[in-house]
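What follows is a pair of complexes built around chain A, which joins chain B in one and chain C in the other.
On to the complex of A and B.
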């Protein structure tokens, strides 16, 4: 059923720290690696070894330049994946019931055997979180590694999404954002976590932490130039002689 | 947005087909006999079915298309499928009794007309519901789709009419008014679309990244060096380059030519050939109009890819 379910209060999601992310793309690669062998059809590439390789990815990192009014520009690496929205427009537009949101934890998933590949859910998503698989022709999206987080065959520390597990800078956090006492909720409250494009009315579960304030540069920067010394002796005479030549 | 040929063909042709079903169902006088009844019904039903079939060509899994009838409670795309089939069933019953008995059942025709209007409305709502594409999410979108379906359906059906008057009004006058009304709605839509930018809905690169509190945001680097599904499907720019020329072509072929032909009929010329020509011309014009509907639309994903106008 593609109507949104009654929420259970549990809202699993990610918290992504834009202050820490170094843009190494390790989360992107590990996401691809895990999801090409896990849940559903493999996450395919087309023309992988050709001149125009492309494929379906569930997580991509954009890099933005932000220029404050009176400070130098700064670079922000910006990982983007499904935000598991509470008012997920991708779910309600689905004509077949393939796209659904789980009531027990809020994860948005695609039942691939029911997907007709019409692409309407990707049009409805403001964030570009859904991509059509170029070989399986079904819609692909972040599953929040639903096949890891509840998988008791994995070691405890591996029962988190692949992107979170792999991040070398600890810029990604996973937890229950519906529980105000959870570790992730506390980080969001402390750091002023925000929603992407709130005006789209999707109420995303995933939150982003803003880059911390940079130290302001000094008002008059110390001079690094070499001061010019007045010439003396022979150089002084040469200087005057050359001046006379006009 | 990417203008898929199958979807352009579908929305124009099935729009005209469902419009024609509505016009026939509302009882426009048609020639006597089984063969004309068959051929006229075949044209109306055939256009609708051809359009619906072509719409399945852009699906990744056409063999699962039947599943799309299940989610009518929440999905406009599903509702469109349900209404389309209901319209075709009602119209098939109408056409069969017409062929068998020579009588056109008013109540059944009326039902087919209402259902075909609901089908076209559902098609328009698929686009109108998308907050991600401000140009589409205007109140005028369904009005434009309904206007074009009715006008093109009337132009297709009326050359076959046995009487050159309907309820005391000339067919030429009615056709001119329908064409004019549909295009006035489209002009209002274009005017609305020019104001409906992403920024007008508060969607900017600053809000999309949440970095607006720090300063002005610019894309430095895409996530990948090649194209992807999102850039091809949603950050599509082809066709915008010639937008104003295509708009003129759509207005000349879709509006001016059919309108002049219909006015000639209103002035007393024989309707058969002229309105038939007007129908063909308008449908070609609508292909241009529909191409622009997709090609000019800007999706909020383009904010992450630096492809906004």
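On to the complex of A and C.
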């Protein structure tokens, strides 16, 4: 069993905006592209051109259909990766100490040299956010691009996770959720950001922002609506409108 | 990895080397043309990211672009020219050397050119080099050239150009920074991709409402604040209903209409006469208006005239003339456009239509946007500020791909104009080189093609009346193989690529000798009626010769089309080539800047392949095409890069606008600069010239813009553009159909032209729904592009195919219940033309009469280096099998194209179907094409990309 470190003040994580995520998968693929040549073993693709292609991904989008009782059905796109929980059961369950939470910033990582591919951590994660690499047989998970965010070979503005840098809809934000004054903390406060499955007791660092309310087809018009002119009203209105032009 | 220990004593390198070098070029994973930074390490691609400085994507990159590594290293890449050895379609070839391939192509093409150039049909698909390919075809002398616009979105493009000299996407964009209400019609998750997402994000951050009008609530429509789940093919009627509500409430911008549109232009009212419905013109040809002071008809351009937009003037005899706007107001202020009536057809509740009209009015007139920037209009009037109506729209294929798409596009544009929101702050903004009116654009060329002689001008253009059609001397027979610019599709400004193979096969209007295609998967997902097209490509005549005698095809990948070619010219990947994203072609400018870009080889090919554009120039030189050879017969251009820098379309104007002039100091106009391509490379692969603020709005009437456009070579002189609410060229075609104007259409076409060529936007039901028994085919079926994939070129990609490896038919829940179909069951989907067996996924967030699937996931076994057992080849399917390029026979002895009657746009989305439960014990979709023999080697089984950089 692996112990969690003393909670750090710094809690790096993602804030994901469900109001604007269009489910385009840019974050999913760019993550794979960065990480297959980065931290740990490549993110392999078994049977890549065959009948059962199966690759390791650190981030996936799930699309749900929601059917409210009094509004038209809608699709919600839900990107999901490791939430870097404060009480990370994937860490405490690890028999070799491979799975760990960094004391300095709270990022949860797998030290692959120590990983025996037993899969216990994936079972323990209530979010299903870990995937076994199909070739290397080590557990893969979101590293929060730990090899980007501190990388001195990258320009300062690029020292963010690949998914955040690439998101075309700006639906992903990165920062220190342990600092109540940080941009991400402010967004979470303003927008009512929430924990995914708080009942699991994992205290995830990542937060989700809820979709804003949609207009129902039968909603009322704006106060200054279109009032129909009298049947012959249009032409006289037009005359007045032209007069006003001088 | 460097061994380092972090605070927890773990081995971790937080600052690894990323790459040896970064090369900046342009993406080609879809049509957006985003800027990319290609990180190279050890000569391989380490990572591709968006270029932050690039005007199109500003640093972001979509799923497709991010999967470029797998596209570049795809096992489906062709590696050598191929000559067919087996039967067409079998996939049996032998590899040949380039010299043999080019000599053979030169012989085939040369034989055609010296006998009858029209026997070459040269059509390019997702071509981003149309200014080269069209010029090449023009110099060759064949009338038969077009790219893929005819089966994509020509209705949108043409509807916009004719109406206001621009269109969505490449011709203009919403003012994302200032708009207060945004409506998006018929856009799946593409066209365009990153710019729309960037824009939607800006709207969300400003709290601006987004209304999605689409039968399917995925992608952009999933995040829209309001969804209008419209019935396919009825968008035009919905928009005309909005127009009716706004007119009745007086919520239109009369000042804008008087200044910038033909609203006041007088239309002759003289039923039965040859000029009925045409504009009243003075002896100089100037349109006339009623002067409000004198009540008399005067030239529209007369100084100081204050035109009326209603009323009438008496002309000689019983003739009179009325302003176009009066006709417009009367047409739409009619109960047939009331939301209650239209709602029966569109499926949009009347209250929702009314409220949306009110929201449009509220945003446009209660929240006007003012920019404190003086400017001067073309009449010389100084304006102290720029005042805008902040409502903006975007629309694309869902509106376009119907047989009423041109009129629907017109309706959308006319609504924007009535609000006063075209190129006004907060509205729709033109992107350079637009606006360009139809009068500034070419007319179609192609008549009288002669041996060894170039055409007199470009193939594609904008007819303004029947006199501009491409017809033989009988005024009936089409000049072109696709029958573009004929009575079948008079204003088909992008050609009709979807008709080329079937017409060539039918030898109607004539047989051809060589079919030359580039990057167009016409034997699969880019054709209607796929199974029949595959047969047409391989049919033989009574002498045992192929009906389409010779097929040359260029592609980078082993697509389905490759198997049907006689000669295959292998293209490079997008990272191995030169390209120019030219203002002479499909521009990438932004509303505030004039932009163009290049691609350049950031990697060297490891195969014996050549960029198609260089090959085309080589063929041009071998054929001695004018402009491609020196007087001594030697080639002018060494390759495409040489052409990009040195070709001049006219003095000072070339493919690239940046760094012109001998020292690279000129923009737009200037003599060729041999260092131009290097200058682009040094600048990240693109050129961007900022437009002064004074010139950024009201470009159609803004002197500062006009002067900027002239200075930069976009046009040769100032040209005020008057928006055409009432479209006179349409009326001319009607007059021809009435027998009043020559040339005249055949009797068979007259009623249809009268009905569909109405000069004010008009809605009529899509043709297929009128041609079939709706009790038998009560439902609609559509395709959408997956955001994460682009046509067939993306679906072999090792990463993208894990996201979209199959394409279920998404069927509305109530339809499933009625047919007893459960989620995961199989079903037969039947159209009047054919039936397909497909897997079903139940869905509620969709119009209740509409089923849909993802486009181009299904594959032919043996193509694209995929295992024939792959789900794409087993379970994946094409809706194309249900869609015929011709409408069902209607007993008049003719077969009409399944296309828009105005532009010839392929009417993919008119499709009507029914659905029944099916059994599929083998788990295979039907029809199932026989496998083609792979033309590339078997791929590796597993991929661990980047292994050498990890451990």
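Some observations on this one:
The working rule: the second predicted complex is superposed on the first by the 217 of 246 C-alpha atoms of A that agree within 3 Å, B and C clash if a C-alpha of one lies under 4 Å from a C-alpha of the other, contacts with A are read in each partner's own complex, and residues count from 1 in each chain.
One rule holds for everything that comes next: a residue touches a chain if its C-beta (ideal position, glycine included) is under 8 Å from a C-beta of that chain, and two chains touch if they have at least 3 such contacts.
Being a predicted model, the structure only gives us computed values, none of them experimental.
Residue contacts after overlaying the shared chain place A:203 against neither chain B nor chain C. In the superposition on chain A, contact is made by A:65 with both chain B and chain C. Of the two partner chains placed by superposition, only chain C is touched by A:100; chain B is not. Judged by the number of chain A residues each one touches, C leads among chain B and chain C.
When the two complexes are overlaid on their common chain A, residue A:186 makes contact with neither chain B nor chain C. In the superposition on chain A, contact of A:117 is made with chain B only, not with chain C. In the overlay built on the shared chain, the residue A:74 is in contact with chain B and with chain C. Judged by the document's definition of touching, chain A residues 28, 53-55, 57, 63, 65, 67, 73-76, 134, 136, 211 lie at the interface with chain B and also at the interface with chain C.
Within the complex formed with chain A, the chain B residues making contact are 1, 58-62, 64-65, 67-71, 73-78, 81, 126, 129-133, 201-203, 205, 207-211, 213-224, 226-230, 233-234, 299-301, 303-305. Those residues of chain A whose C-beta lies close enough to touch chain B in the complex are 1-3, 18, 28, 52-57, 60-69, 71, 73-76, 78, 80, 89, 92-98, 114-120, 122-128, 131-132, 134, 136-138, 194-201, 208, 210-211. Residues 5, 17, 19-26, 28-30, 32-34, 36-51, 53-55, 57, 63, 65, 67, 72-77, 100, 102-104, 109, 111, 113, 134-136, 146-147, 149-154, 157-158, 162, 165-171, 211-212, 214-215, 217-222, 224-229, 233-235, 237-239, 241-242, 245-246 of chain A are the ones touching chain C in the complex.
Put simply, chain C touches chain A in their complex at residues 6-8, 10-18, 41, 46-50, 52, 57, 59-67, 69, 75, 189, 193-194, 197-198, 200-201, 204-205, 209, 217-220, 222-229, 245-251, 254-255, 258, 292, 306, 308-310, 329, 333, 348-349, 351-352, 354-355, 357-359, 361-362, 366, 787-788, 796, 798-803, 805, 843-845, 865-867, 869-871, 874, 939-947, 949-951.
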